[in-house]
Amino acid sequence: MPTSHQQTSAARLDVRKTYKLYIGGAFPRSESGRSYVVEDAKGGFLANASQASRKDARDAVVAARKAFGGWSTRTPYNRGQVVYRIAELLEGRREQFVDEVQRGEGVAKRAARSNVDASIDRLVWYAGWADKVAQVVGGTNPVAGPYFDFSIPEPTGVVAVVAPQDSSLLGLVSVLAPAIVTGNTVVVLTSYERPLPAITLSEVLATSDVPGGVVNVLTGSTSEVAPWLASHMDVNAIDLTGVIEPELAIELEVAAADNLKRVVRPDSETADWNADPGTGRLTRFLETKTVWHPIGI
Amino acid sequence: MAFEYAPAPESRAVVDLKSSYGLFINGDFVEGTGHPFKSVSPATEEVLAEISEASEADVDAAVKAARRAYTRTWSKMSGAERAKYLYRIARILQERSRELAVLESLDNGKPIRESRDVDVPLVAAYFFYYAGWADKLEYALPQSANGGTHPQPLGVAGQIIPWNFPLLMLAWKIAPALACGNTVVLKPAETTSLTALLFAEICQQADLPPGVVNIVTGAGETGRSLVGHPDVDKVAFTGSTEVGKAIARTVAGSNKKVTLELGGKAANIVFDDAPVDQAVEGIVNGIFFNQGHVCCAGSRLLVQESVYDDVLARLKRRMSTLRVGDPLDKNTDVGAINSSEQLAKIRELSQIGEDEGADRWSPTCDLPDRGFWFAPTIFTGVSQAHRIAREEIFGPVLSILTFRTPAEAVEKANNTPFGLSAGVWTDKGSRILWMANQLRAGVVWANTFNRFDPTSPFGGYKESGYGREGGRHGLEAYLAH
Amino acid sequence: MASPAALRRFLHGLPGVDQVGAEARTATLSTRSIKTTAKAWALDLATSMIDLTTLEGQDTPGKVRALCAKAQRPDPADQTCPAVAAICVYPDMVSTAKQALGHSGVHVASVATAFPSGRSSLDIKLQDTRDAVAAGADEIDMVIDRGAFLAGDFTRVYDEIMAVKQACGSAHLKVIMETGELVTYDNVRRASWLSMLAGADFIKTSTGKIQPAATMPVTLIMLEAVRDFREATGRMIGVKPAGGISTAKDAIKYLVMVNETAGEDWLSPEWFRFGASRLLNDLLMQRAKLTTGRYSGPDYFTLD
């Protein structure tokens, strides 16, 4: 009717975004049907996020495992390009990320912008590592015998990542990129209070060349979901960077021992995500494989 | 005409056995305050010596000595000087190689041919190799891995080693730790303490500063004290996956760095185009080397079905020439099982293999009446579902399975929670590389098996542990970065 | 054997040999420690397996007769010392050797087929063989055409061995592969099978004129071949390493290798020989050491 039409054009009702999980390349709601309120730094309503359950974690691990074979056997050159493509797409959505970082982290626009820029640059930096890390950490071993012997890094497998709680984009990218660029697949549990950049990032990933399942994004409670990831026997490694309660970190490390997951302990001090990351995180989820073959005629 | 090899025993005279041994703390041998235990020769059950048990207080004293040596001496010494100590130790190890080999065979039960030709030469080689690293550590890690600063040692390393390669595992642990500037407290396995204590004497002979190397003898309780000690910065363990997991739980939440080198159930994969005689040697070496007491043993043989009969016949014929018996006889190929406990475990799992319907075969061989012995054994008709195809037996027992295609071989090889090693036998180069790529294992031996070298990183995937020993990679476990 | 293609397919279908693995195996076998009674037994066995050889341009009847005397009674001071298996000479020396050896039981082996290069026509090779056999040779040591083998003309090599075998009549045929010229162990395995299929009674490593001559790994490959050939055909073939085995210690290593590879059936002069000249005196010296308990010296053994 003409009257109502006039009303809406006067004050348009905005279309709110539904923030969902990202599992196996799809965006499901939590199977539990739960969601939680995400607030901005001042306590104002930002959005509703899905509250992942143990079953969502389970599904995410299955998706990550399924994707591992394909992703880990891509050529490093290709993985580098795929990660670089994430940076390209992030650049295109720069303003959206700046907005989310600004509101979520309560920082000035300028700081948020520099944070997003640093995130994009970090992705570019890690993208370049894809086909170089093997030359830095691998090589031939001059054994005392008629054998050709070489060591190469290979991805550890499925990595569970508890993303930093504070740095919702740069911190996230800094833990995620080194894991995937080396060929691992990841289940990332985002910052509980600041999950929005991670969810938007998953939308970027969905439209990028990253195959479904390589990165799976869960939003929700660390203390509820992380123990299921830590004890999951098909998870090969766990990054506890975002676990802030020491007791929980110990509990998770103990659980991780059940199948001898490689564990990255939470940093004892607040990490400076702007610092040069070095190769540390790049090699945390790499296994060294040594191959021998006789040399003869 | 039968060629009967007359006994050719290596002389024991070179070894000077004491009736009892103390702990080696701060450069001196001291009485332990725990309950002493006996070390027996597994080949004869003869009591070789009484060994001190390190109590929690003794372990504490050892860690304190190591800390003191670390703070006052070892961490302050230049890399070049540390290197010279390690070179000196390496040379003494070579000079006393016969003594070390005989003692190792006596205490462990392994054939003298192996201790003489494999273990002890490798022990010296590891010390030589890591000696050379001590003054070159700034080249060991990617520049930015530690923010571009000079790599720093971790501090005091608590090291626990198994009984299968007592001296060699000691070398794998102590050489890189010392090269990087750490000091160590090492616990040998309770059934094989003697060569570690002889190594302690060698440290004295080399004038190594007191406290840099400390040896605490004892069993699991001593090990727990060491792992749990608050002033230990680094834990290095080689042994069972079960204990490895317990250690990982113990150190949770601490700042201790950990490397674990644990169990395995390696697939040794033989394709139809394999160099078959060498493959058979590789199978034999893979599972009967050191009585199968090898974490990376090729304990699951996967044979392509099309050559199964031929390979099996050749394997059986070859096994019939294995000489089982006196470890000190120079012609012995397979020695004694290290302990009655281990023998019981091997027997139990073999019985389970039979009960589950696998066919058991051993060549005829006369086993000595006394001591702990188990004939080289193979099981055929084994499937992935059998316990003997899944569990580490850690003895001279081989489970034989078949496969049809390379993909099936990979699938079966990887179908295990372990991932330490694997073997591939084929004459086709591209297939070797494809297999090497697909196998989820830390070491892949192609057309060879059970080769070790100080320059070559060794360690597992999955539940076979983490961290690498050997090569440049081996330094990473002992440096802060 | 049917067509050249089938022969090639068969030989190339034999399992490959990994050089490093084969050499590692012989290195391990070399660590066997053979002492006391086992050593005494092995020394006598090795002595009885020797093809005592002289293959020189300067060979004379006098030299050959002296060698024959030594062959029958290697240690004049010790009656218990066994005779060697055979004397190995050029065809023109066969009758001299035959005369000198009489009915001693020591065989006369003759090299033939344009030894050592084999570079002559088939007719001449066959005539060479017939001459030796006519002069009384019990065994013929022929050389294969290595050029043809390396050129891939297996059929030519095969046919030539067949023809020589026929020319041998009742004499035993040893086929010299000259492994030093075949170079790879894969080739040694193929040449072994080719020779056995063509009718060789023995396969032999070398002429002694080319380095390397006999080696442990080459002999290992040949022992595996005769072992597998018997498995496949039921026929037993002998093995003769020749050249370069000059010490008792080495000879015993070979015997250990025979024992643990082909098996004890081959531990007799009928199935295993050493082509050697210097080896005999070292065996005799070691023998004397075992019986007397002291080390002997070369002056106490004859030079022939």
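In this document, chain identifiers A, B and C correspond to the written order of the chains, with residue numbering beginning at 1 in each.
Quick note on the criterion: a residue touches a chain if its C-beta (ideal position, glycine included) is under 8 Å from a C-beta of that chain, and two chains touch if they have at least 3 such contacts.
All values derive from a computational prediction rather than experimental measurement.
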| item | value |
| --- | --- |
| Nearest-to-centre chain - CA centroid comparison | B |
| Interface with the most contact pairs, given as the two chains involved | A-B |
| Centre-to-centre distance between chain B and chain A (centres being mean Cα positions), rounded to whole Å | 38 |
| Centroid spacing, where centroids are CA-atom means, of chain A and chain C in whole angstrom | 71 |
| Centroid spacing, where centroids are CA-atom means, of chain B and chain C in whole angstrom | 44 |
| Two or more partner chains touched - positions in chain C | 18, 20-21 |
| For chain A, residues contacting two or more additional chains | 145, 147, 294 |
| Where chain B touches two or more other chains at once, by residue number | 447-448 |
| Touching residues (chain side chain B, partner chain A) in the complex | 125, 142, 144-147, 241, 244-246, 248-249, 252-253, 255, 260, 262, 417, 432, 436-437, 441-448, 451, 453, 455-459, 461-463, 465-466, 468, 471-473, 481 |
| Chain A residues touching chain B - in the complex, by the definition given at the top | 73, 136-137, 139, 141-145, 147, 149, 151, 156-157, 236, 246, 249-250, 253-254, 256-260, 262-263, 265, 268, 276, 278-280, 283, 287-294 |
| Chain C residues touching chain B - in the complex, by the definition given at the top | 15-18, 20-22, 24-25, 28, 31-39, 41-42, 45, 224, 255-256, 259-260, 264, 267-268 |
| Contacting residues of chain B [partner chain C, same complex] | 1-8, 113, 117, 273-278, 281-282, 321, 330-331, 427, 447-448 |
| Residue numbers on chain C that touch chain A, as the complex places them | 18-21, 23, 183-184 |
